[in-house]
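Each chain gets a letter, A, B, C, D, E and F, in the order it is written, and its residues are counted from 1.
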Amino acid sequence: MLIRVINPNTTASMTTLIEANARAVAGPGVVVEAVTPAMGPASIESHYDEALAVPGLLAEIIAGERDGADGYVVACFGDPGLDAAREVAAGPVVGIAEAAMHAAMLVGRGFSVVTTLGRTAGRALDLASRYAPAGACRGVHACEIPVLELESDPSVLPRVTALAREALERDGSDVIVLGCAGMAGLCHDVSAELGVPVVDGVTAATLMVQSLVTLGLGTSKRDEYAAPLFKPYLGLLSDFMQPDGGGSRQGGVRAKEGLV
Amino acid sequence: MLIRVINPNTTASMTTLIEANARAVAGPGVVVEAVTPAMGPASIESHYDEALAVPGLLAEIIAGERDGADGYVVACFGDPGLDAAREVAAGPVVGIAEAAMHAAMLVGRGFSVVTTLGRTAGRALDLASRYAPAGACRGVHACEIPVLELESDPSVLPRVTALAREALERDGSDVIVLGCAGMAGLCHDVSAELGVPVVDGVTAATLMVQSLVTLGLGTSKRDEYAAPLFKPYLGLLSDFMQPDGGGSRQGGVRAKEGLV
Amino acid sequence: MLIRVINPNTTASMTTLIEANARAVAGPGVVVEAVTPAMGPASIESHYDEALAVPGLLAEIIAGERDGADGYVVACFGDPGLDAAREVAAGPVVGIAEAAMHAAMLVGRGFSVVTTLGRTAGRALDLASRYAPAGACRGVHACEIPVLELESDPSVLPRVTALAREALERDGSDVIVLGCAGMAGLCHDVSAELGVPVVDGVTAATLMVQSLVTLGLGTSKRDEYAAPLFKPYLGLLSDFMQPDGGGSRQGGVRAKEGLV
Amino acid sequence: MLIRVINPNTTASMTTLIEANARAVAGPGVVVEAVTPAMGPASIESHYDEALAVPGLLAEIIAGERDGADGYVVACFGDPGLDAAREVAAGPVVGIAEAAMHAAMLVGRGFSVVTTLGRTAGRALDLASRYAPAGACRGVHACEIPVLELESDPSVLPRVTALAREALERDGSDVIVLGCAGMAGLCHDVSAELGVPVVDGVTAATLMVQSLVTLGLGTSKRDEYAAPLFKPYLGLLSDFMQPDGGGSRQGGVRAKEGLV
Amino acid sequence: MLIRVINPNTTASMTTLIEANARAVAGPGVVVEAVTPAMGPASIESHYDEALAVPGLLAEIIAGERDGADGYVVACFGDPGLDAAREVAAGPVVGIAEAAMHAAMLVGRGFSVVTTLGRTAGRALDLASRYAPAGACRGVHACEIPVLELESDPSVLPRVTALAREALERDGSDVIVLGCAGMAGLCHDVSAELGVPVVDGVTAATLMVQSLVTLGLGTSKRDEYAAPLFKPYLGLLSDFMQPDGGGSRQGGVRAKEGLV
Amino acid sequence: MLIRVINPNTTASMTTLIEANARAVAGPGVVVEAVTPAMGPASIESHYDEALAVPGLLAEIIAGERDGADGYVVACFGDPGLDAAREVAAGPVVGIAEAAMHAAMLVGRGFSVVTTLGRTAGRALDLASRYAPAGACRGVHACEIPVLELESDPSVLPRVTALAREALERDGSDVIVLGCAGMAGLCHDVSAELGVPVVDGVTAATLMVQSLVTLGLGTSKRDEYAAPLFKPYLGLLSDFMQPDGGGSRQGGVRAKEGLV
């Protein structure tokens, strides 16, 4: 089984970190490959960044289809481009916010999200209201550390831990969800410190994709997520014209080569 | 007052239609300019199309900021890129689904959406749950006419009218919302035939933007919709690196010139 | 275009203030007339006041129909009598809470209401749950200044500003909605001080009515908001017996003359 | 214990029917008096009727306070003036829609409302969303028999029964709620015919008020439902100026005498 | 009329307390009998306790059917086994959380629950979301006094009062619901101290059952709550094989005798 | 890794079927053991059956803890005893309705449940509202085949397939969830016939438990799901007195031996 984990930003060191975390949990016989898009923002910290990360992400899905990937993880907590990716891919596509929130609901009553910048909280709440019933997500809390400083800033672990502790108290929650792919490495330390489950979306999504592929489940192609219809695309994005080669997996090679 | 109405697809004839409808309702002294992006899909009928329409849309917002636009209409019923556009623009940005749904709530108890392809219904329902309380949107109904055939197909008016009539009955609704910018021209005929308010989002959004500008209201820049932070952008999309020139309206010229 | 703005309380000085604010935003060619009912409470600060303000309000709607008004603003933040007014009027009727909340949703993620007395918060929350999805209205905060003291008390601006600042923090909101027609004059000062959009319902509703009339949209007369059926009315309120003269705009003169 | 059952319309024969039904279930020692307001519409079949029934209803609450009533039933399925009545009364006030819906939730999974005119369905749904969680009220169905014909039209029982049977099927419900005080007499026959609980609000509300009084529970006077503040009232409604005589039960006599 | 009040735990002194409270409010001619199950936990303070209290509770319902009980109260705030009990009983079955929440909604805008241990708050919130619309239950607060210490600990009244006062402030609520059958005795003292309605579920449920029986309303036997089908039961619980003796009230004697 | 799959009913042939399905998807090195409780109903088709299946289920959880199980599947679509099981187990416990609904949300927009008896639909809807946001579960449809006839009745596959096809149409759904552990074997055939994802909870839950154990995630022990407190248990159920031996995994042996 081949799982492509797509880091939707263009920072390769973050892709490396994500890949290591995903591989650490994947089952025997599961090949996990993390990829970095050829276009887009170095990090995703706004709706603008997120919107502009999607073309690069979709190019990686198209490439994955060519390469025979069985499923995909979208490794950014805003779950960018998830609906579009589901139209293009034959197999399952799971976002890390989605995976983390579903996992959190399985191990507790209510979760708090601990994330990077406060300005991304709106997106996290939007996703929570799409994935979970009211009351499951009890709060979103920002440590105000930019995504690309997560790796280098030595204060990250204590700050995230302190914020998570406060979130449990204030929200009356019993599970912590880490709100950024770049926090994957913090999972066990924060959990050990606080004594509650701490969910990282990268690992959770990797295992959800692995499970769905094992179950033979991919996105429903009935209606909404059917392959997109062919049509003219202009300008910079004209190589995206034919995502699926007319509906068959064999087609669309030219488009894919042009994109990645 | 300058209102830019952005047709997020790249079909110029549709932009012309949209502009005519928007201008027909704008107040004295309001300049309405409809624009067609330089990149992206010819029509938007899938999440894939929608995601790939957003860069072209954002380029037009960036250009609009350079040109001193006071507000924007996003003239596709999927409201693509709305959150990102709000980060970039100083003035208000209103989507046509958003505008139509808000207007519909002001003139009735519950509305039905009549749209093009059934596969877009999921997006319409997502938007309804973001903009309106449960129960306001009572159904989404597709005539299965592709967007680009709306202009030429003579059966459009009778088919949309028949579908709307059926929707009122089945949903117990009292207002019809037209679910595509390309349906703007049908508004009065369907209303006259059915005797209920029929809301077109292009005209509704134009007047909502005009109203917000008159009220001095633009998107809140507190937190979520603040201007996006500067950061490296790679590849095809590298010209999007600096949407707002560092936060001032004067900056960012290079990026803008490269994009439109 | 004639817009009647009805101040549902019987304090004429407040009507004057409301009219000035509404006129300041109305478009060229739009005649805005604010009126004071001939019966009812001097201010509306309870469900009791609100209920007893409705007959006077409806009398003004009936008078407006006689006078050829194209649309109406109900200028009290409790939106009293809105459903009944929609049955009587041929054109659109918009409440100021309704207008303010819809406008607030167009310029931010979540709004806080700053109002007069705490005892009115329940009504504001009821209205929010009718007009907006869960999560849009993040809090209702009272300055505990009675409606009729808003004009004279010099501490109003600083107190409302301080309360609004605190509301933004506590609620995590990004837009302020002023919860009383008598606060219309505070709008720009509070916004300038806090740097967020501050929405006043009187001006927002005036422009929404103007927009709806321009769009040719009035309340749907299908079912719920059809003209009320004729029937006997007894006692003090017998003059309300025939609101629409049997369904035509020409009729009902006697009733109207008796009421206003 | 004295329970005042207020028929908010001015049709005395309906009051007689309501009183008989209420008395039939009241406990030993409970005095049930049904009253007809001195002003207002002969029946309530629109928001307009409902709004104009409220002053007469409130006058009866004020009179009831003077007469020492321990609690009140508002015997119209639109629950008109309930919030205002709660401010005025010291004891509990229960609407018949409210009582019927609460009772229905205690004896089944989901209820259907069978009511008079289709145009009142919006109000019933509004009330359901205020009193019950989503999913409890599964549908509102109209037999299109006007309120005042319920007594005389011999087809009422078979038509209501047929409609209720159909509602159970279509809605997947297991309880019927009768949506009009004038249907109180049908309760047992419809239940016997269909084999499901059929709830009439008049009797349910009478026993809920009786229960609340027995429990020593009246409307909370903390904040929202505190007695309304004294203030000037003008015109036709000036006698409503002082509902509670300045907060004490002894006061307000003059106002009360003027009203009923 | 015979009402069986079932204390689902096995502590007889608590049954005595419950019976006294229930009898104090029951109407003339209503026989209230409180019973203690023959099996199960001494108190219910976890999901585990609650689940294991249900067989004993159901045995009491079966016995009650044999004895001709007209209705039942389930006197534990977790409303354990309510759905199952409704299948077995011919008459109404009401839980005390359910009754208290419905009563609280009739006398105020929003209630706070004051309960024993914090670990039970999740269950209370689950029940609130089943019985009440969002926003009715504004908070659940624990005094951290175990159920069986409520009777003996002299600090209970001041601690519950203080917690309730704080809850009113923090939640913006106007009614207090006592979250344990063992708190029934505190009702009037807390209410007197705080000046708001304080609802005890034991007395509220007793009167709701009495009212439902008077109205001739029992659980709907259409579909979900029909008598359970006969089938083999193994092991310790084999005596539960035939709850209703094949659907008739006369049968099932053997099973019942084995259980109680 | 040891996963215990508990069939909460006492029909051993169904346990065998469940075990075969669970084992077919479990990863290398994962030991899946399905067990049948020593007490309780032969099948679960009512709230009564479900409630009385819980003690046997909990005994198996207690035994699993003694045996070192890493996680548990509760293999009945009503998810009986899930909250209680989570208090007792150190590792994760996942119900099959829960797992199926979460998986369904990952591969489509909205799912329909196809289940056995119509009387269980209420429970399925309750669970859907606990696990999923409004709109995810679009309908519950019953084939009216009793649980224990699923294995032997040759018409099961065509009937379930036909019902699922109809559900997709009527509900506008794009995924089918099988609503009974006994339907696990139908999964691939129905999916092949209808061309949409068909989710079986047994296999989905097995992989979710496997994933959670791999991630190091068990139920949060903060507050609600902490181990239940020790207390006296009477009568038939007295062996359940000490589920966890005072909080340590080593204790509680006596209780466990008595139960299984």
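Brief remarks on what is shown
Going forward, contacts are C-beta pairs under 8 Å (C-beta built on N, C-alpha and C of every residue); 3 or more make two chains touch, one makes a residue touch a chain.
Heads up on the chains, UniProt names are A, B, C, D, E, F = Hydantoin racemase.
In this text, all values refer to a predicted model and were calculated from it rather than measured experimentally.
Touching chain C (Hydantoin racemase) and chain D (Hydantoin racemase) at once are the following chains: B, E. The minimal number of chain-to-chain contact steps leading from chain B (Hydantoin racemase) to chain F (Hydantoin racemase) is 1.
Listing every chain that touches chain A (Hydantoin racemase) and chain C (Hydantoin racemase) alike gives B, E. After Cα superposition, the angle needed to carry chain C (Hydantoin racemase) onto chain E (Hydantoin racemase) is 120 degrees, rounded to a multiple of 5. Note on C-D: its contact pairs, compared by residue number with those of A-C, B-F or E-F, agree for more than half at E-F. Per-chain CA centroids place chain D (Hydantoin racemase) at a distance of 28 Å from chain E (Hydantoin racemase).
We define each chain's centre as the mean of its Cα atoms; on that basis chain A (Hydantoin racemase) and chain D (Hydantoin racemase) are separated by 53 Å. Chain B (Hydantoin racemase) and chain D (Hydantoin racemase) have centres, each the mean of its CA atoms, that are 45 Å apart.
Counting partner chains per residue, chain F (Hydantoin racemase) has residues 109, 121-122, 129-130, 134, 223-225 touching two or more of them. Taken chain by chain, the contacts fit none of the simple shapes, being neither an open path, a ring, a star, nor a full set of pairwise contacts. Here the chains touching each other pair up as A-B, A-C, A-E, A-F, B-C, B-D, B-F, C-D, C-E, D-E, D-F, E-F. Considering their complex, residues 109, 134-135, 172 of chain C (Hydantoin racemase) touch chain A (Hydantoin racemase). Of all residues in chain E (Hydantoin racemase), only 121-122, 125, 129, 134 touch chain A (Hydantoin racemase) in the complex they form. Across the interface of their complex, chain F (Hydantoin racemase) is touched by residues 10, 37-43, 45-52, 54-56, 58, 81, 83-84, 86-88, 118-123, 126, 129-130, 146, 223-226, 228-229, 231-238, 240, 243 of chain E (Hydantoin racemase).
Considering their complex, residues 25, 27-29, 92, 94, 98, 102-103, 105-109, 129-134, 168, 174-175, 188, 191, 195-197, 199-200, 203-204, 207-208, 210-212, 214-225 of chain C (Hydantoin racemase) touch chain B (Hydantoin racemase).
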